[in-house]
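Each in structure tokens, the structures are laid out below.
Look for chain A in each of the two complexes below; its partner is chain B in the first and chain C in the second.
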Partner chain A sequence: MNETREKTLVDILDKKMNRQLLYYLDICTRCSICKDACHQYVSTRDVLYLPAYRAELIRRVYKKYFTGMGQFIPALGEAREIDDKLLDELYQTTYACTGCRRCMFYCPFSIDTTWILSVAKAMLIAAGRGSQILAELSGASISKGENIDLFKDIIIDTLKSTEKELQEKVGDAKANIPIGKEGADTLYVALAGTHTILPAAIIFHQARVNWTLSLFEASNYGYFLGNVPQAKTIAQRIVDEARRLKVKEVVITECGHAYRVMSHFYETWAGEKHLFKVRSILEVIAEYIREGKIKLARGHVSKPLTYHEPCQVGRNAGFYEEPRYIVRQVASDFRELTPNRERNWCCGGGGGLVAEFEFDDLRIKTGERKVQQIRETGAEIVVSPCENCRLQLDTLNEKYNMEIEIISMMDLVVDAMVIDKAAN
Partner chain B sequence: MSDEIKVDLELDVRKLLCPMPMVRVSQNIGKVPVGGVIRAVATDPGSLADIPSWARTTGNEVIKTERNDGEFVFYVKRVK
Partner chain C sequence: MNWFSFLAAGVLVYIAVAVFLFGTGYRVFQWFRVPRSGIRLGIFPQPRNKGARVLWMARDSFFFPQVLDVDRWMWLFVILLHLGGIAAFVGHLRIIQEFTPLVNALGDEGMAQFALWSGGTIGIILLVTVLYLLFRRFKSPYKDLSTPEDYFLLVLILVIILLGNHLRFFGDIHVADYREYLQSLLAFRPAFPEAIAESGTRWVLASHVLTANILLIYFPFSKLVHFIGAFAGNLLRSEKQ
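Then we have the complex of A and B:
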């Protein structure tokens, strides 16, 4: 490693060295409670996936370059120089992490390992060692946003068949999927493709909501990559669109990290407050049910059903009650996973891992705890409001011969919806 | 029409939801020689924007796109 690159990486650590990071680096007592909290460590017993060790790599670099002991007697100070071997280890520990933050929940000092790993990601990117596939996904997303005029007609064209499905489902030949509608109350941000558009369109139609569809997808691979400027650029397209259309709220589809980016991080990144509310589709659906705007057939699903709580929806965003409220409206045999809520196990597919094929074996192996949890319930249906989780559950279903059905929350709702076509 | 282009690798990414079709193309582009072509068949309409955007940013090229009965066919040329 040449001195210039080493200095660049040390400078990044220096810039990121705020009170919070310093606290995390100083306070860890290595009690190792986190080892039993991490699904990756529990499944592999590989120290690389021990949360304290993931953080320890950055801690050792900090000691080397920012403490007297580390500079003069590095062996005593457990200091470690930045070299290619360290970057290799850092890559493996950092990009393999799903960001579920279960370790933080169990840590007596609430050390946020993902915060420390965000610094590691910044250093890896500066060293040209960031995740290639996440960088490609992030770059493609930005390119799509910059060239949206090239794709706008394609998007509108592909929505025509979705619109027909909407009209048939609700029995209203005038039902449509508006795009770029100025003065709409709600801007709905879906995922790429149409599978998260049709169910939302049915729900909004039945709830008589003045809504419009975003031209941009909700998912943000810049966030998974750890590249804050790119993550901000990707999110900003939606913010600009919401401002242009003067909507009152932005509703994010079933996508945990996309909700957190818009709701928890964007204002800090941009240094400005949102001019609209940001809500998850989960709280919106729960509200529509409570207010009688949509009607569901109670007990529509009689097969045993369980709810896989996405880490970014539950533990990291706090939506515990809304999904359970919705599920209980529909399922007569709802069975909780154990443990659940803030203690729920990660499925193993978060953090962009479902796209990082180099970690395929790891995520399949480390999904075994989730497989066990689901099997213990005897559930035949698993509902989960997160695309990453569903992709991972699909893989686990196949690899572990689980023979379960995996569905989204919106599909569960739409399937159980009581639609009075004559009234439409 | 497809026989006009010499295809080096066929990729079936039907039923995969975005961004997985793009991820699979990225995963496989290194398996064809520079100048070689992947023919990828997708069903998620999101791939119509995703795959060309990916090609644009990675320096590769979508040389042709076809749409047949709910399937989207991409001919992706490895440029470098």
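Then we have the complex of A and C:
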């Protein structure tokens, strides 16, 4: 490794240094409690996937370049220089992490491993060793934002058939999917494709909401990649749109990370406050049901059903009650996974892993906990409000012959909705 | 006092205490010198208000109940190690100031018996827990994660405990003599009183103080800063979103 490159990478650690990170780097005692918290370590027994070890790689670099002890007695803390071997190890440990933060829950000092790994990602990117697939996906999102006029007509065209489906479902020939509607109350941000647009359109139509659809997809590969400027640019497309349309709230579709990016990260990245409320579709649906704006057929699903709690929805965003409230309205045989809520296991596909085929074997292997958890309940249907989780569950379903049905929360709701076509 | 005792149990004590205090202060200053990130890292569920947040932080820092889920033995040994450490610290305070109410209640002989039993029990608990933590690190995956610092600290603490236990169980030095030695330190004229100077265990005492000094000097620059940082980390855990 040449000296300028080494210096560049050290500078990144220096620039990224903040108080939270410094605490985390200084206080870890390497007690290894986190080993039993990580689904990847538990399934592989490989120290590379032990959360404290992943963090330790960055800690060793920090010791080498930023502490007196690392300068004078590097061997004591195994302080190490940045070299190609370290970067190889960093890539494997960092991009394999699903960012579920279960280790943070179990850590006696509450060390957020993902916070440390975000520095690792920044260093890898600067070394030209960031995840290529995630970088391409991130780049595609940004390019779509820059050339939206080219995409707009295609999007509107695609939605025409979706609009027809909507009209049939609700029995209203005037029902439509508004795009770029100024003065709408709600800007709904869906995923790429129409599968999260149609059910939302049905729900909004029935709840008589003055809404409009965002031209942009909610998912943010810049966030998974660990490239903050790109992640910010991707989220900013939506923020700018919300401002232009003067909406009161931005509702993010059922997706783990997109809600967090908009609600927990964006304001700090951009250094400005949101001029609108940010809500997850989960709380919005729960509210509509509570207020009687939409009606569901109670006990519509009688097959045993379980709820897989996406880490970014539960532990990292706090939506524990809303999904359960919705599920209980619809399913007569709802079975909880054990453990659940803040202790729930990651499905194994988070952090963009489902998009990175190089980690396919790892994510299939490390999904075994989730498979076991689901089997223990005897559930035939698994509902989960996160696209990454659902894709991972689909893979597990196939590879482990689980014979389960995997559905999204909105599909569950729409299937059970009581639609009075005469009233529309 | 011979030259070894004078250095190890005399001069070095001042240096160790100064390094520990200033070093710890410097480390805290280092943390506060770095700006905070505005991103809030809390996980859920979150406490209802600020008071609850402090209570949760204290609960997590002193009892770390979530560890019970994954490793009950580790939880037990770690709790015992820390409680033992605090108890040993409190026991040593008798050298500064006699626990007079206790002496009044138990009588001189009773107090000596009590000190022997309580100090002895704590010494054994510390010994067992440190050995557990040390041997744990000899096997994978703990071994793969451990750095020399981890072993160094555990061995150092083990030596301090062994020497302390030796003084407790086999020593012939009494608390009044220790008090006299401490007074000499406080007067900046370090000297062993006659009883210690003529005792066969004076080398053990000097080594006990020496190793404790090394621990104090290394403390602020090691992972042991978790004794302050743990509170910060556990407070971030519930940072409001």
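Rule of thumb we're sticking to: the second predicted complex is superposed on the first by the 423 of 424 C-alpha atoms of A that agree within 3 Å, B and C clash if a C-alpha of one lies under 4 Å from a C-alpha of the other, contacts with A are read in each partner's own complex, and residues count from 1 in each chain.
Everything that follows uses one rule, which is that contacts are C-beta pairs under 8 Å (C-beta built on N, C-alpha and C of every residue); 3 or more make two chains touch, one makes a residue touch a chain.
Nothing here was measured: the structure is a model prediction, and the numbers come from that model.
Annotation: superposed three-chain arrangement on chain A; chain B versus chain C shows no clash, the two fitting side by side.
Of the two partner chains placed by superposition, only chain B is touched by A:L391; chain C is not. Looking at the shared chain after the overlay, A:F105 reaches chain C, while chain B stays out of its contact range. When the two structures are aligned on the shared chain, A:I155 is found in touch with chain B, with no touch to chain C. Contact with chain C, but none with chain B, is seen for A:W115 once the two complexes are overlaid on the shared chain. When both complexes are overlaid on chain A, the residue A:A140 reaches chain B alone and has no touch with chain C.
Chain A has more of its residues touched by C than by the other of chain B and chain C.
The three-chain arrangement built by superposing both structures on chain A places chain B and chain C 140° apart around the Cα centre of chain A, to the nearest 10.
Once the two complexes are laid over each other on the shared chain, residue contacts for A:F72 go to neither chain B nor chain C. By the touch criterion stated above, A:Y24 is placed in contact with chain C alone, chain B being left untouched. Between chain B and chain C the least C-alpha distance in the superposed model amounts to 28 Å.
Once the two complexes are overlaid on chain A, none of the chain A residues touched by chain B in the first is touched by chain C in the second. Residue ranges on chain A touching chain C, taken from their complex, read 17-24, 26-33, 35-37, 41, 45, 47, 50, 52-53, 56, 67-69, 75-78, 101, 104-112, 115, 263-265, 267-268, 314-318, 320, 341-343. In the complex of the two chains, the chain A residues touching chain B come out as 133, 136-137, 139-144, 147, 150-151, 154-155, 158, 191-195, 217, 219, 221, 354-355, 357, 387, 391. Those residues of chain B lying in contact with chain A across their complex are 17-20, 22-23, 26-27, 44-50, 52-54, 56-58. Residues of chain C that touch chain A in their complex: 27, 30-32, 34-41, 43-46, 60-61, 64, 66-67, 69-71, 74, 78, 140-142, 144-150, 152, 221-223, 225-226, 229-230, 232-234, 236-237, 241.
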